[in-house]
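Inspection log for the structure reproduced underneath, given as structure tokens.
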Amino acid sequence: MLDWTIYLSFLGAGLILCLPREQKALIRWIALASGLLGLGLALGAWWSYNAAVPELTKQVALASDPIRAAFRVVCDVPWIPSLKVSYFLAYDGINLPLVVLNGFICVTGILFSWNIEHRTKEFFAFFLALIGGVYGVFLAMDLFLLFVFYELAIIPKYFIIAIWGSTRKEYGAMKLVLYSFVGSAAALLGILALYVKSGGAAGPGFDLLALKDFKFTPEFQFWCFPLVFVGFAVLAGMWPFHSWAPTGHVAAPTAASMLLAGVVMKLGAYGCLRVGMMLMPIGAKEWAFPLGVIAVINIIYGAAVAWVQRDFKFVIGYSSVSHMGFVLLGLMTLTTIGLDGAVLQMFSHGIIAGLLFAVVGRMVYDRTHTRVLAELQAMRLCDIMPFAAVTFVLAGAASMGVPGFSGFVAELQVLIGVWRAFPWLAIACGFGIVLTFAYTLQTILRAFYGERRVADEAGLRDMPPISPPEKIAATILIALTIIVGIYPNCLLNMIHLSIQPLVTLL
Amino acid sequence: MEPTTHIPWIASRLWLIPLLPFLAGGVSALLPRRYRKLSAGLAIGAIGISTLLSFCALAESILRGLQPHAGQQWSAMQTHEVWHWLTEFTWFSYGTTSLKMGFVLDPLTAAMVIMVSFVSMLIFIYSLGYMDRDKNFTRFFTFLSLFAGAMLGLVVANNLLLFFACWELVGLASYLLIGFWYHRPSAAAAAKKAFLVTKLGDIGFFAGLLWLYHATGTLQFYTPDHTGALEQATALAGLPGIMGLSLAGTIALLIFCGAVGKSGQWPLHVWLPDAMEGPTPVSALIHAATMVAAGVFLVARTYPLFQASPQVLTLVAWIGAFTAVMAATIAVAQNDIKRILAYSTVSQLGYMVMGLGVGGMAAAMFHLLMHGFFKALLFLGAGSVIHGCHNEQDVFKMGGVKKHMPLTFWTYIVGTLALAGIFPLAGFWSKDEVLTAAFNWGSGWFHKGPFVLGCIGVFLTAFYMWRQVCLVFLGEYRGDKAKAGHKHVGHEEAETQHETVPGAPHESPTVMTVPLIVLAIFSAFMGFSGLPEHANLIHHFLNPEHAPHNVNWFVIATASALAFAGLGLGHLLYGLKPLAADEPDPLKAKLGKLREFCRDKWYWDEIYEATVVRFANIASVVVDFGDRLLDGATVGLGLLARGLSLINDKFDERAINRCFDGGCGSVRLMGRCFAALQDGRVQSYLRLVAVAAALLAFWFFLK
Amino acid sequence: MTTLAHFQILASLLFAIGLFGAVTRRNAIIVLLSIEIMFNAANLSLVAFWRYSPHPEQLSGVMFAIFGIAISAAEAAVGLALVIVIYRYYKSIQVDEMRTLKG
Amino acid sequence: MEENSHILSWLTFTPLIGALVIALLPKRNEFAARGVALFASIIALLEAISLWSRFDGAYPGLQFVEQTPWILAIHADYFVGVDGLSILMVLLTAMLMPVALLASASIAKHVRSYYALMLAVQTGLFGVFTALSFFHWFIFWEAGLIPMIFIIKLWGSDGAERAALKFFFYTLVGSVALLLAFQAIYLATGTWNFIELRDLASGGALATKLAALLKQMGMNVTPEAAGMALFVGVFLGFAIKVPIWPFHTWLPDAYTKAPTAGSMILTGVLSKMGVYGFLRILLPIFPHEFAACATPLAWLAMLTIVLGAVAAMAQLDLKRMIAYSSVNHVGYCILGIVAVAHAAGGTSANVNWVNEKAAALNGAILQMFNHGITAAALFMMIGFIEERTGRRGIEDFGGLRTVAPVFAGLFGIAAMASIGLPGLNNFVGEFMIFKGAWPVITPMTALSLIGLLATAVYLLTFIQRVFCGPLNERWAKFPDLGTRELLATAPLVALMFIVGIFPAPFINLTNAAAMRLVELYQPAVKAVAQLTGM
Amino acid sequence: MDTAFIILSLITVGGAVWAVTLRNLMHAVLSLVLFFFGIAGFFFYLNADFVGWVQILVYVGAVAILAIFAIMLTHNLTAEDEPEFFSLRWLTGLAVAGAVGAVLWFAIKNNTAMSQVAPVGVASNVADIGRKMMTDWVVPFEVVSLLLTAALIGSIVIAMEQISHRK
């Protein structure tokens, strides 16, 4: 059933394209409906999988191929038999949370885009197409298929940013696309090398689960792993290939920023884990330390740069870079707890970044038409839009890794993993955390709690109030981060189940 | 409350004595200001009952002393036995042990408690008149009751901690009462000074207490099984302490610090004269009769510790002797009637401390008790004079008061003579005891020193007291009869007085004179309780282990002669030819700079101002500045991090983005190069295609 | 004896001449005609191949040639129509002046 | 004692429920917000009293324990309970909050947010004082912090943002150090549970596990050094929160700029979180490290006491003065705690040493409680002054006793309690601390006595300048305490007397647990004593 | 190599060369007609009679006429600014054509199959072509017919549109 998330998104996009462009309300509702249906499917899968976790744990423990045992196959039909490409969709505890995340970001993104009036039809069509592509990447268990969806997701991104974006939108969009393509080119090279080395069509083909059993030679893994890993990690915002992220996020319209930071960056990290680490564990081990150091640089560097930004959205953009550093670092610890944390951090950061961008882009920018912190400071927005202020404070707290929110559990696990793997880096991460608090708090205070120094009081008062769709969406996301923060079991159990056998490979 | 077996009911209910004034104080603290009579009634009633109970305690004690003991001859005077009636209770438990507290009734307690409660009661009554018009009358009795409770608690305590607690509370009461006229900045400052200076001594006391507690495991002075802190003094004498002293000596020294502070001994005497800013009954009660003597009582109470350390006793003796003379010299040159008495108090306390130091514990206590009566009498007399002279305190603005206030005059004369040590008044006997003890202390100039100083003090005492009597009571009234009020009393002060009508001095009301008379009687006759040799009841009562001194005629003669000499000199200078108004002090001409030195109190205040106070101020400023530096350093760290962040940002902008843009730029440049081929002419394309195809084919064929 | 090579070399020569014309001349009509020369050269080559092929009964070369002629006819028709239009537009049929394709 | 009751959970979340209710109230209804907040805090107080009445002081272990698995992947439990170390803190928190809310009447803007945040802070505090698993505990540790920042920032006086940020970052650096250290501990032991960690540590298993981990990781670090590093990390976290000199410079600003109730809670309870951390975490989990570091720590405690008090003497801002006084007073707690761990007397067979240390520990706990009451009362009364006059400078007043005698009297009592006057609460705690610390760390304790004197100096100066002297005519209309203010002050003052005169019930609550901790320390203390030859 | 081949070769090459070099457009087209005939001759020579007729019909009958019409419609009988001989343009053109010719010559020369003699009896009759056209080649046939129709209509539309525009 879960494959319908993909089809529904594309169907929705197609349906919207068929509608007359004047029917904006209908278009929105159709988009929302398809998003909700997708989310419903994802949640259903989550529910049944989560319920089955104890049972699966037993099976995994007994299975000869524990990684495969944790999987549930959605569909598996041959596609290009001559190349041994199949249409193979499956999910386990690693990608299921990400599918759920995508569902939530889709629904809330649509809600936050409710006010889009410029070429509404195209916007939602592109948006749904992008969502469909992302669903596809997360679900695909065939390398070829995965790559197809991966590329498929890039195109709508470009148009969404270039058409509906703001500051330097063409530049941002082009930068994003170029980085994505360069990254995916590197990854593609690696993937093809994997395919060829494993014997091409005669070997396991593109089937990820079969490929993982193929023992690639250490020499091969040594050069191929960084190719694949860095190729995917470019999309995860790995330093020094991160610079597309802030620019792209800033240029993108709200929903696209949410999607970019919330889900698209996770695509990269997911690829790193699923393709890079699962297929080339020896390479991962060889490269763990240098890449771990880069991840720490990500954390500290992103946080430090975020601290001195003058543009509200840039702060959030760089914060994403910093937080993705935790994901990469968690991956590079090669420990169960670190990987658990990394996957949870993917989910958590997806939610939080979505929320932050929603506040910045939708609630604040659409009303004040400025993102310069100094100007916002002079408005003292907490009096004008308390809901936005509270939302941002909560989102900020979650982003800082305040205990009780999802970020804390994830970062805690990552850091424990880091202690295990590279104790000295853990201390460096400490600085990163302090910097994270620094910029987040500073931003909260500046953006919402400054001193009123604006002459045009009336102009401030005339801002439209926060609309119901925004409130609903923000509430959903806040609730999610708190629920996951307080009861992370709901995701951690399944993540743990799937990560455990994976770590035994490493 | 677990009374030990077979003790009189009063001994097991000793806690009632301090509790009643405490309760009175507590209740009147909650009363609104208008309940003046109720408050005063409560206070006086409570202290009255306490006094009665104190009498019972004294009586029981004396009876206990008279009782025959197994195997001993019937002789009250000869019981060489120390006895205590103890009660104890647990304050709280900790660890596997508990902190016990208790009360003790022994001769020391009995003697002290009766003096304190009786004098307190008299002064309470006196205050009814003196404070009649004060708007904070209710508060005054609250504080007085608090003081009485604390002081009595201190006396009956069988526990150093309880003693310390009450000690601090009397300090608080003293603070509150000195600063009673809080709107006067001088009063507020004096109160603070009193509290802080005594607190300084208390720090030492507290340290001694802590050390004693650790060393003995208890703070009870005496316990039924003889393991009390004092009962272990001998053992402590064998342990090492600091500065070459034994542990007992160290603890004694620390405890003595407390006594120095509270009893106004040099070098912590500076607060006591300033404390005269308080109402006169307060000066009489707290800063003359009782609280300041608590230091002496403390040493007497913990005397076993001092006895275990001769070095400390020597120090005590010398400090006492020095203080006695120093304060007397200052008193000679003072003009304020209360300040003269205050320095006299310091001086007399010096005698007591000296007495303790030279081993005459009973003598010191005897002097303490006697001093309590006659100094209270003098202060109340002075208060009466001040009252009568419309708040005038400068003796040079008085004179001839004898005519207007005869009763005050005669009682004052009794007090003066008692203080000067004129036979047969109380002061004669007690001072004689102290001097005899000092005389007998040891041989050599070092050990005779305190005695010699004491003798000088006797002369000076007699002189300054007679100077005061002459200036105040003899001659003609030098004050401005037309002017009411007092120059250094604010206008609000006026309402504390009876009348503000201008006129001559007048006699005080009965409620004030009756206490004077009672105290005068005690001052005159109480001395007979301490006749030298075998008739020395007090000595036997307080210190049965040591035999009293024999009569030392040399000491009696010297002291009496010096006392008379002092009186004579005083009369010569001030009595024969009463001073006229605005006439300067005759001493000014005779002593010159020396008088100024004495008048300015040996410049102690200035010395402390320049050293201790300045040091404290500088220290606080330095620490505050250091804090700011520290703060700055941490803020600097933050700024450093921020600076690094800015560098990172620039790196992102200049390096990473530029790399990307540069990369894109080079791609674009390349594109431009190729675009140049694309000149839009179909034929060019064709040419290109042809050449390319040719080349390709050529290459293909060559292969 | 005339061998296949003769025909092919002739066809190549004609092709080269056509190519020369196509890249050298400026007049659009001549360029078009040069292209027709190249077409014809190719047709000649095809028919020659057929003639010398081991299986002439399949008629492949002939068929190719016929189709080629048909297509080139269509091309010529369209091309010349375009030339006319271009002339109207630019008042010239100098191919050098048509540079809208410039990158 | 009772098991299987959820009273602690209810207690913890009662204020949070209140906060949620306030958040749902209509915007304009400020009165309802005040009412709900006060109601919720009083309910919490009643729950705390019920807890207290059922608490068995003689039982040294944990009571009212609730433990359920929470996050399986990291073995984190929901684990709460109280024992003698925490019961007083729970009571203090429950008691101070209604008082602080009563003292918040002058809050005029964002009323709902203010009360909601205050209640959120209270939940955080309850959580900290009842949690027994690091993960769980840390949530509340931070949860109390964030609302506090906003309370300072939004309702504080000029410059509050800077103060709030400074407070936040100081604390944060500590928290991060703490967090990192605990992650390493978890890695070595696989548990977050304080009680298990304590048992591991006292059995020496913690060191073994640490050594095993280091070996497994191939790190060339001795387990002792690693243990010490972890100790330093955890210490830093608490030292900043307490704060111990020289980590205290955030405090004067934060306390000064915070709104009255904020200062009350900050000084009354929040600073106790750090001390409580010493008791609950640092002492039990690092016995050897603590014992080995006890001497320098004792010096630090001494410096905290003395420098805090001396710095207070230099302050011209009343609130800042009391803030420094807070540094000084909390220093006593640390002195008492250090005495427990110090090796002196460790080799002596004298059982008296155990009792001395028990006295110090009991004293430290009692001092936490006492200082919470006293300092809160002082801050509250300065807040009353500020509300009436808008000023805080020591030179701005004079003679207020003339117009506000009741106020002056109550302030005097609080000040005297702070000075350590016998019969009032602080004396008992300080006496026990000094009593216990004196034999163990004599030089530091002796020097700390200077703090007692300096405290008297600045507080009496305060009284002298503000309440005594001729009345500053500007404040001739200065009103005396109103009913609401009396209602807020009276319980605190009453407690000062109650604890000061009858400390036994309070010490009985703590003694068993304190004694157990002290005994737990004996092996470590002995080992260090033998090593250093004390 | 027989005489017919040589003559035909000369006609075709000559026609082609004139066609691409003559400056007068009309002359160039007439040379081209000559060239077309030459090619047709080759077809006949190669026994592909049908193709030869088609060549004549289409090229001479249609293309050449069309070209002449085009020339006349553009009022452009002489190309004024045609490049001079031995200008850079000529030289590059020669080089390009020479290169392609050389490559082709090279390919032919190195191919052994090129030296074979023409088999006997190879001929194409219209019936065979027609049969083939309707069987094996029916799809291309249809496509081409479609293409032709489209080209026809297209060229008319292109020309018409511009005419209508001018009105």
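As written, the chains take the letters A, B, C, D and E, and residue 1 is the first residue of each chain.
Criterion: contacts are C-beta pairs under 8 Å (C-beta built on N, C-alpha and C of every residue); 3 or more make two chains touch, one makes a residue touch a chain.
Small disclaimer: the values here were computed from a predicted structure and weren't measured.
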{"item": "Set of chains whose contacts include both chain B and chain A", "value": "D"}
{"item": "Farthest-lying chain, centroid of Cα atoms versus that of chain E", "value": "B"}
{"item": "Innermost chain by mean C-alpha position", "value": "D"}
{"item": "Of C-E and B-D, whichever chain pair has more C-beta contact pairs", "value": "C-E"}
{"item": "Distance between chain centroids, defined by C-alpha means - chain A, chain E (Å)", "value": "63"}
{"item": "Separation of chain B from chain E, taking each centre as the mean of its C-alpha atoms, in whole Å", "value": "132"}
{"item": "Intercentroid distance (Cα basis), chain C paired with chain B, Å", "value": "127"}
{"item": "Centroid spacing, where centroids are CA-atom means, of chain A and chain D in whole angstrom", "value": "42"}
{"item": "Where chain B touches two or more other chains, by residue", "value": "638, 687, 690"}
{"item": "Touching two or more other chains - residue numbers and ranges from chain A", "value": "434, 438"}
{"item": "Multi-partner residues of chain C (each touching 2 or more other chains)", "value": "19, 23-24"}
{"item": "Inter-chain touch pairs (all)", "value": "A-B, A-D, B-C, B-D, B-E, C-E"}
{"item": "In the complex with chain A, residue positions of chain D that touch it", "value": "70-74, 110, 113, 135, 138-143, 146, 149-150, 153-154, 161, 165, 168-169, 172-173, 176-177, 179-180, 183-184, 186-187, 217, 219"}
{"item": "Residue numbers on chain C that touch chain B, as the complex places them", "value": "19, 22-24, 31, 95-96, 98-103"}
{"item": "Complex contact set, residues of chain B against chain E", "value": "687, 690-691, 693-694, 697-698, 701"}
{"item": "Touch list for chain C against partner chain E, complex", "value": "1-10, 12-21, 23-27, 29-30, 32-34, 36-37, 40, 43-44, 47-48, 50-52, 54, 56-59, 61-63, 65-67, 69-78, 80-85, 87-89, 93-94"}
{"item": "Complex contact set, residues of chain B against chain A", "value": "638, 641-642, 644-646, 648-649, 652, 656-657, 659-660, 664"}
